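All remarks here apply to the structure that follows.
Each chain gets a letter, A, B and C, in the order it is written, and its residues are counted from 1.
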Amino acid sequence: MPDRSTLPAPLLHARDIALRHDAQPFSQTIRPGEIVGLAGLDGHGQERFLEVVAGLKKPAQGTICLAGPDAEIRIGDFRKAVANGIAYLPRDRRATGIFPTQSVLDNFAISTVGRDSRFGLISAASRLQRYQTYRDRLSISAPRPDAAITTLSGGNQQKVLLARALALEPRLLLLNDPTRGVDVATRHVLYDVFRGLAAEGMALVVLSSEIEEILLLCHRVLVFRDHALTAEMTGAAINTDSVISAMFGRAA
Amino acid sequence: MSSRLGGLFRNTGFAIILLIVLLAVNLVLNAARFHPAAWGALIGLAAPLIGAAVASAPVILAGRGGIDISVGPLMGFVNAMVIQVLFLKLGMSSPFLLVPAALLIGGAVGAVNGFLATVVRIQPIVATLGTYLVLTGVTLTILPAPIGPAPGWLKAMAGTWSALPLIALFAAWWIVRRLPYYDQLMAIGSDDRAAYTAGIDVTKVRFIAYVMTGVFAAVAGLMLTALIGSADPNIGQAYTLIAIAAVALGGVSLAGGRGGLAGAAIGAIDIFLLQSVLTSFNVSTYVLQIAYGAILVAAVILTAVQERSARPEEI
Amino acid sequence: MANIQRLLSSTNGRVLVAFVIAGLLHLIGTLAIPGYSSPFAIRAMLVIASLLAVASIGQTLVVILGGIDLSIPFIIGFANVVAAQLYGNEWNFAVVCVFVLVLAMLIGAFNGYIARRLDIHPLIVTLGTGMIVQGSVLLWTKGFPSGSAPAEVSAFVSIGGSAGPFPFPWVVPSLVVLSALIILLLARTPYGRRLYALGSNPGAAPLALIDPVKMWMLTFSLSALFAAVTGILLLGFTGSAYGDVGQPYLFQTIAAVVVGGAALVGGRGSYLGTLAGVLVLTEINTLLIGLGFQPAAVQASLGVIIVLLVSIYGRERHVSATI
């Protein structure tokens, strides 16, 4: 991490967020270029926090605000979040990710389908061109862009979904367990992509159920327990023992 | 037991309240028609609709788009077969021959529907649309015009005695509810993937539901025959949609796995009582139709809203 | 055999097979029945098929969305009777059409809103509103609708009519243009792509910025719009208003969509397939009547044939294949 004094201005403020009525409120800021990990035992609030930032769920109290060109923008719902530069990659690929009857190209373009419109009709050339940019960047291995998404491996499906999110050109990318059910080789491709995006100034928040992933990837880790933020670690302080201890509520 | 009644009320709350209100209104408006002495005749009038609704329920409970739109035509087909073919042509008049024959016809048609929907795996609405068309066509071919009469014992079932087949229907369902099969049916209705993973033979359970619907529809067909005392090729089809409306009114989820035959029956009685109220105002059948539609839409909306408010807040 | 199975498992393959079946049926008819391919018979088939094709537009869209619309026959009857009645009351026919179409779209939007917003099965909602609509129309006309269509509408759909130098009425070329527009709408517009996506996986749609309630309202109102158009065309075709004129279209639209290769679970199907389904149904009907079948037997055979066709290529996956 760069020196504190040279840090870029914060991108997102989470102020006095309580994930439940009985949970301790907390505040957080996220800056461009950092990768923030969310950890915790399953169901301890880290997923809820991610969904609150995405505008998918309402917190019991507190606000999420994004830095805007003039004033701060308060995030109240998912559409507003996306419109202001947040993209969200869901956890369950089959239930909330892919459109199984549709092609790779359709699955990629659906969130940004209006961008290829010329006089109301989708320009196939524009769509394909946009897809190819991300195909190369994420090294998606799909024999044909018009093949059904279900003909791809899990890892490649995930890459297509990531491409769908990146096509929104977000400032903040929220990843909900992005390598779940993805093979090891593809994982490392994804890690490189994430690091590259951060280096370009995108902020990433990664929820992961695997500690190694957090150790490999994140500049900063937020550990949740009982729907509260119980520990925050930066840089060298992040190690397996400290994260696991915090997850189980023990002092490191 | 109280929890079961509670469950029935949760699913069919609106239908039960409607039942009480309509019954009260009927008692005031149609004192003569609803005099206890006339209840037998009333049951006879309502029986075919109750039977049709109850018959429609098992396949709907089985989930994944399960529906049998051939229930109405099957009732008409049973009506035509029993009177025209078995009674008038073949001279069978004994209830011990006609009733098993009718049930067999119903079970066989149900088995065809079940085979198409579960083994061949045609979408249920399309498969039963096929049988709907075939049954309607065959009924008209064997019975081009209404004919009568029905055997004496069957005609005698029109009044108070029509309670007998209804009781038989519910007794059969009561037994089914005590079998492991019932749990399997509800399990595949709410989540067939989970049920399959848990080792339930989804195809078999759904197939049996179709056969059950067929047999129940045959009973409804017999009750219809008793009521009209003759055979009429054009009377069956009308029951399909109204029966599905009754099922939905009675709180059976069209997505499967929720509700029961008691709810379906209550929904059917609601429609019957509504019909009775409106006829006592001497309104046209057009108003009757508007009222059916309005009650149906209002009932499903109220049920949905009630479920929403009952759902606990997550936070 | 493996090739045939692959063909049947792809949507395009199913459409192709449906067209081939329609062609074969026509060939059988031509060989078996004298005059089956006579100009008049072909014209009649084209007009009848065009009317069914218009009525099936809405069912196609709704089925791709994962719904079903049982209100189509009632909306057809509604448009048929109301248009005749108002025209008979000396309204301007253009005003009549706008009035009827807008009213129909509002009914459709209501269907879509209630079904999606409250998560009620569209079968029930559309059945309920259909009954209300039909009852209201019957009540208004006391069961005896009067009035007729302007001569232009009758000429537009008349079997004996001609489109300029061509020996068929304007409804046929109009349908070709309309079909091209619908196919373009589905394949090349944001609405079309969202429609398939929403039908394919409703759970993923909101995360892909698709508003399900808006989509359902729009789609059901389009369905009602084309049903109403069919009702007005039928008024020209039969010459007088009749409240039950739409009833045959209840099952025929569903059958056309399914024979055309769409799955009722959503996300699959195409209007080209529906057109193939429409041709198959029209050919079967004409063929059976030509062979001297009684209407009852025609209906029964239609049932058998629908089930046979769908069992060849419209099978669903086993539950084990969906896990």
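Remarks
Simple rule for what comes next: a residue touches a chain if its C-beta (ideal position, glycine included) is under 8 Å from a C-beta of that chain, and two chains touch if they have at least 3 such contacts.
Just so it is clear, the structure is predicted and the values come from calculations on it, not from any experiment.
With centres computed from CA atoms alone, C is the chain lying nearest the middle of all the protein shown.
On a Cα centroid basis, the chain most remote from chain C in this structure is A. Chain geometry summary: the mean Cα position of chain A and that of chain B are 51 Å apart. Centroids built from CA atoms put chain C at 29 Å from chain B. Centre-to-centre separation between chain A and chain C, using Cα means, comes to 44 Å. On the chain A side of its complex with chain C, the touching residues are 78-79, 82, 88, 90, 95-102, 106, 109-111, 113-114, 117, 120-122, 124, 164. By the touch criterion given at the top, residues 68, 70, 114, 118-121, 123-125, 127-136, 138-139, 142-143, 251, 254-255, 258, 263-265, 294-304, 306-307, 310-311, 314-320, 322-323 of chain C touch chain B in their complex. Listing the residues of chain C that touch chain A in their complex gives 184, 188-190, 193-194, 196-197, 199-201, 203-204, 206-210, 267-268. Against chain C, the residues of chain B that register as touching in their complex are 64-65, 67, 116, 120-123, 125-127, 129-141, 144, 192-193, 196-197, 202-203, 241, 244-245, 248, 254-255, 284, 286-294, 296-297, 300-301, 304-305, 308.
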